[in-house]
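Note that chain A is present in both complexes that follow, paired respectively with chain B and with chain C.
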Partner chain A sequence: MTSTADAQVTSPRSKKHGSFLGRTAGSPLLRLIIRRVLLAVPLLLAVSLLVFILLEAMPGDPARNQAGMDATEDQVEAVRRSMGLDRPAPERYITWLFGFLRGDLGVSSVSGRPVAELLAERLPVTLELVGLAFVLSVVLALPVALLAARKPGGIVDRLIMVFSMTLLAIPNFVMALLLVLVFAVTLQMLPAIGYVPVQVSLVDNLRSVTLPVLALAIPMACFYARFLRGDLGEQLLGAGYIDTARAKGAGIWRILWLHAFRNSSFGLLTLVGLNIGALVGGTVIIEQIFAMPGMGMLMLQGVISLDLAIVQSCVFIFAAVAIFANLFVDIMYAVLDPRIRYGSH
Partner chain B sequence: MRDTDSSARKPTYLRLLTVAAVGALALTACGDDGGGVAGGNGNDNGNDNGEESGEPQQGGQLTAILDSAFAGDWSTGLDPATSNSVGANLGQNAAIFGGLFLLEPEEDGEGAELVPNQAESAEWSEDGLTLAVTLREGIEFTDGTPMDADAVVWNWIRAISSGSTATVNVNFDLEREAPELDDEWLDSLFDALPDDVDEDVIMSRLGAIQAVDDRTVEIHLSSPNAALLNGFPGTNLNYIGSPTAYEELGGEEFSRLPVGAGPFIITSNQQNERLELERNDNYYQDDLPYLDALNFQSVGGDQVAYQTIQAGQGDVVEGLSDVNLIEEADRNPDLNVHLGAPTSPYVVQLNARTEPFDDKRAREAIYYATDFDAINEGLFDGQGDMSQSFTASGGLFHHAEVPGYREYDLERATELVEEIGGLEVELSTTDLSTARQVTTALQTQWQEAGIDVTINSAGLGDIITKFVSGEWESILQTAGAWDPAAGIGVNVRFGSTVPYSGAPLPEGASSAEEAQAEGLETELDQLLDAAASTIDEDERQELYEEISQYISDEAYAPFGPAFSPAQVVRDGIYGPGLTEPIPALAVNQQVLYDRVWIDQE
Partner chain C sequence: MGQNQSRLENAPILTVENLRVVFSKHGREVQAVNGLNYQLSSGRTLAIIGESGSGKSVGVRSLMGLLPPSAKVTGSVRLNGRELVGLSEKALMSVRGKEIAMIFQDPAASLNPTMNVGSQIMEAIRLHNPMKKREAEVKAIELLKLVRLPSPETRIRQYPHQLSGGMRQRIVIAIALASDPKVLIADEATTALDVTTQAQIMELLVDIQERLGTAVIMISHDIGLAANYAHDVMVMYAGKVVEHANTKSLFSNVQMPYTKALLGAVPQLTTIPHSRLTVIGGHPPDLSNLPTGCPFAPRCPRATNVCTAEEPPLERQNDQHSYACWHPVGGQPLEAAGTADVLKVDAQDGACSESSTSTQERAVFASSLDERAKR
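Let's look at the complex of A and B:
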């Protein structure tokens, strides 16, 4: 084990800075990560405040909603007190924030259960959906884009572009209903609704998530494929390094994969990062349609029943996922491109 | 103080505005239970569109698909004392707890009646102040403990003292002395009540609700309430859980996996998603239930529900309300569609407390400018059950026509609008497709009479806020209940001190609170009170006709077509509430799953 004294002796930089930040200052990548993480903190705080303000501005009275339509004013006030809504908004926000930092997300005003417990039950479902949809969208987009870019303007390229534009134009809830109609109602190959946990059966789990994952992944895959095909096509038309590769006798697949795609991967990475938020947001509708017990469904139920504790935590977590996805993309840039690392330095 | 049954909650309200199912069977309301009910429920076979379905068969598993926005929402748990959705979760509650009373189709299939189920009988005293409920002998909870009078008192005290909005709101006689009670029993009761409960209040309630012998419980009221008994199946008083199981499981677990004496036992509960139950072999009726297993699956909306049954993952869709899907289901050879008996007509509530509808001529102009027949034909293929009052053919005290009711007369409407120097109206409704269609049709009709109409289509929260603030002019609603005095019945829409009413305040009162504090009432309030306070059915019929007449004469709200959601059932499934319509207590009809059976051939 290295003592602080040892570290100071062995690291001349540490003598100069004397702190953890100072010690890591020598690594541009680490400095970048720390700076981005530190920037994410105020961003998350701002998001939590914005969400709180939006929920405050939301029409409807959660206490009356909870008490019922023909509850007396006394009953409504009693419910308001029990929900803590009689306290000033800033006080409630601060309470929520400090509770959140301690891992206490409050209690659902509808079910009376701790929000953290509800989220813990539902997060794995949403993570599985988002994770699989993320992977599938990229895995589908890559070969399709490469195939289309192989001969720009050719019949395959045109068919792929028309087909992908059509699928892209279909909203994901319509896509979901169409998938159910084809694969569950007509072909009866896959279940229309429901979620089977992986612990029960891996096969049944995969069967149960196939349609929702497809509904989430297909529009994303089309988007990525169209972007990638456009970028690859541009490079094929006039980039000097492509001409050089061609002059050296490289085949089209080699050119696409080793030269053009590498260059396009930065743009794709940006798109994928930006779309993580959209993917997570898409689960709100998709989980409802497929009766998947995930966070999206929980949030929608929270919105309908004005369960502020649920909505606040869900929106915050969704926002945090989007922020950290972008943070990850930034870091990946730096990992992949030394210019960014050292530029930041 | 008016007695109102408060079983209705916001989800119910939401659904009331959503309901737009096709058609209604012309069921004639019939009620002869005012003096009490006695007898047993028959094991009548179901029938499918009038065809005999044969002898019920044992066995099979059934999955019922429920809308997550209504019957499929049991987010406040399944403990009747603390659940806020007892009236929406009728199927689940009947499956788990059975129910002291049930609303059943009458033998001639032309109406409905309240019948004792786990109760053997219910008897009102002559003065209507005491209701004696006697239990059947020998019923046991599924944990083996007896369902006796003490258990009922324990449940009822919890039901009215735990903050559930699904309980009754009646005037108990709190002056009576509580009987001598066993300390252990009292401890068990107080352990199951909220921490902040007032012990004196509970003791006075124990005076009003008493076990008089092992099987009989009496409820003592300070003023009669006819809707108490009729409203039972929609309130938490109807569903009795095991006190012993509560003590063993604790409140949270009991809310998730309650123990009752119903036809089924819960095996798994994913709150708000899926509830799985298996047959209770010790159910009090020897041959019942017919099914071996019953599942409730919650899904998001009609389209998903319909596709789920098409995909074979469900056998029954409860309460389908989308007109197009109902028609499609009707054409599907594997499915049968059964329409319920409606009790809730559309109504345009007019706020007579403020301009412009504080002028009776403005209200009359709306009556004359409204052609609900055309809307019924245009939007609902003429299958709505037209009404001129606050209930429909499935409800008690229904009277199809009200003498002198102002029907569509464009010329007269135009004259009135001119007479009052023009009329500008804001018509509000919830932001739901069917409601929007109806308001758009109304806007077109009213504009023909020279009325300037602005539609305010808002979320439910906004609409409730508007109601409560009193800052509204007209709102499209649906209104009604099987018993008009229960749930979102006529009192809620037309009582002068209710937040959801536009009826004028009593003379001398500037606010509802002031009217309540000073005990001021309008003539309509007195009629509503009188109708709810007598158990004489003939008298109630007369009073409700008088109330309809009053509302019509004063032009408080034009009424339109009534609908009841449809039950979509896979071929070969039969049972009351599915293939035999039962009127909706408020919104949805209760399916009696203990007598639902599947043709095994």
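Let's look at the complex of A and C:
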């Protein structure tokens, strides 16, 4: 925030510990970001290798699959050669890795189209679903949790807790079917399936994603709301700074928002970060139910047809999204929490 | 110090009458505070001492409505003539911080770790005195100078974790003083600090009290601290006041065996090293099921049948000293209302054995034996 306080606390540290990263100039926050980004690189490499090994271990022969059930052994071998599957696994991994770094993700063996082109079509759909569901789950959880925590044990609190527990207990694919039943079949307000791109019509686009986004976001919002309500309630009961704030003459909303929520936000952030992986995974099922042409659907088709290039890239991108989400959470921690920002001492 | 004169000169700013706090949970009632009566004038310091669970904290928190909803407060608390018990939450908000402020025990916990200390002080200023941020900052720096925090202009932008315990407690005090309160409650304000810092903070509080004329209630289990800094001392046991006196009178003329036991538990410089510390035997009574009679009777070496049968009233020995005991350590014993007094002789060599046979005690002993003989 202020350079004076900042410099005072951190300069002796960075001089003493003259490590490679410690010497990087700039604020401790910037150093932290650089360090975390650099740490993400080996993690991504490890993930890509793991995905490759898993696909190698997968049963079934992609070449046989591609050549067709009636093909002779020679034909299958020819297809195998043309797909490059006759070469040893380490060589294929290295080839895939360098191709990926250049932006060449290989060719889909089923459709014959470049994987990069397919992903460019599918990725925006999934990102829209994940992004909207993410924002909605947090935006729904906040007011609900604050409302419940205002009077712990009160009627509002109890209703919210029971209601959220009920919704939380419903898996997202059941939630999807219930939403379709209510909003598409009975009320006929929203389309049951299909995706309309933004370029066609923004309104229709939003209408088409509303139900899948709700199906993804509602259970998650209940989870966040319950966690946040619990954490806020705990602080109201026992935290010293809450007592201080009350003794100052602050009102309940001010205490909840300015004092309690600020301290709960770190825990919530961790939870949200960990759940991004689950959210991305959830799209695989939700996209099937709502017939959304996204990554999840692409990957599932790839798995069924043993389209290695597609599965490898899709799984890798899913993993990368989860890693970057957690990276973002780590950085947000530092931005929000002065104890990390300035380094504890 | 001229305590007598100041007591006569200053009309009490805070008058507490028959204050009771009952917590009810799952149909069980816990009587945390059972009828407190005291008055406090500007510029005076009242120390409330007692063991953990004696109701000292609950008693002061109830003054400003800082208790959980399960607490039921009855009785009367008048601040400058205004009744505080039964006020709405909204009305209480304008009392908290503005009229009565509070300093809590643990300075590491009582500041919000995610806000810089300046904003926490400025919040306290602006809650009761709406002003621009910049003006509030100027006032906050003034407050930090008042609590003698070095280089306040830099400190104001720092976070609690960057400050030492003593500095944090100074910040907490600055927050408490933000709206110039009439009554300042220090709830074990120096317990979490080391001894030198403790002395500095206490000196600071005394200095501020002299400058601003604030009335101070200090809660402590440290009887020595109370002896050094308070004008009056109130000893609490099981939610009741068992002895209330001017500091000088209390320590020169202890009446209640419990107070005496507390004093006996203080380690002295003259105590032989590595010898066992004196402790008060037994444990405090269950507040959800208070015994009849004197609550201290089961642990008291001087207890007799009358003590377990009838509760001693808080009686005034003189202008400066009241106590609740049938068999006080010194001075005249209170008349037991009609009940025959039988001394439990085996209780005599109890926990606080030191000088247990004063002439007074012998007299009581003899007279009770006489009574027994008569029957």
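Note that in this section the second predicted complex is superposed on the first by the 317 of 345 C-alpha atoms of A that agree within 3 Å, B and C clash if a C-alpha of one lies under 4 Å from a C-alpha of the other, contacts with A are read in each partner's own complex, and residues count from 1 in each chain.
The definition used in the following text is that a residue touches a chain if its C-beta (ideal position, glycine included) is under 8 Å from a C-beta of that chain, and two chains touch if they have at least 3 such contacts.
Note that the structure is a prediction, hence the values are computed from the model and not measured.
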*For A:A245, select first, second, both or neither according to whether it touches chain B, chain C, the two together, or no partner.*
second
*Check the residue A:R262 against both partner chains and state whether it touches chain B (first), chain C (second), both, or neither.*
second
*Given the touch rule stated above, what does A:L336 touch, chain B (first), chain C (second), both, or neither?*
second
*asked:* Which partner chains sit in contact with A:R158 here, chain B, chain C, both or neither? Use first/second/both/neither.
replied: neither
*For A:I304, is the partner it touches chain B (first), chain C (second), both, or none of the two (neither)?*
first
_First (chain B), second (chain C), both or neither touched by A:R35_ = neither
*Could you tell me if A:I193 is touching chain B, chain C, both of them or neither one (first, second, both, neither)?*
first
*Look at A:Q66 in the shared chain and tell me whether it touches chain B only, chain C only, both, or neither; answer first, second, both or neither.*
first
*With the two structures laid over each other on chain A, which partner does A:R87 touch: chain B (first), chain C (second), both, or neither?*
neither
*Which chain A residues come up in both lists, the one for chain B and the one for chain C?*
none
*In the complex formed with chain A, which residues of chain B make contact?*
4, 6, 8-10, 12-13, 68-69, 73, 75-77, 82, 84, 163, 165-166, 169, 252, 270-274, 297-301, 303-304, 307-308, 310-313, 458-462, 464-465, 468, 488, 492, 498, 500, 513
*Spell out the residues on chain A that touch chain B in their complex, using ranges where they run on.*
58-61, 64-71, 73, 75, 78-79, 108, 110-113, 177, 180-181, 184-185, 188, 191-194, 288-289, 291, 293, 297, 300-301, 304-306
*chain A to chain C touching residues, read off their complex*: 1-2, 4-5, 8-9, 237, 239-241, 243-251, 258-259, 262-263, 336-339, 342, 344-345
*Quick one: which bits of chain C touch chain A in the complex? Just the residue numbers, please.*
64, 66, 68, 93-98, 101-102, 104-106, 108-116, 120, 123-124, 127-128, 154, 157-159, 161-162, 172, 175-176, 178-179
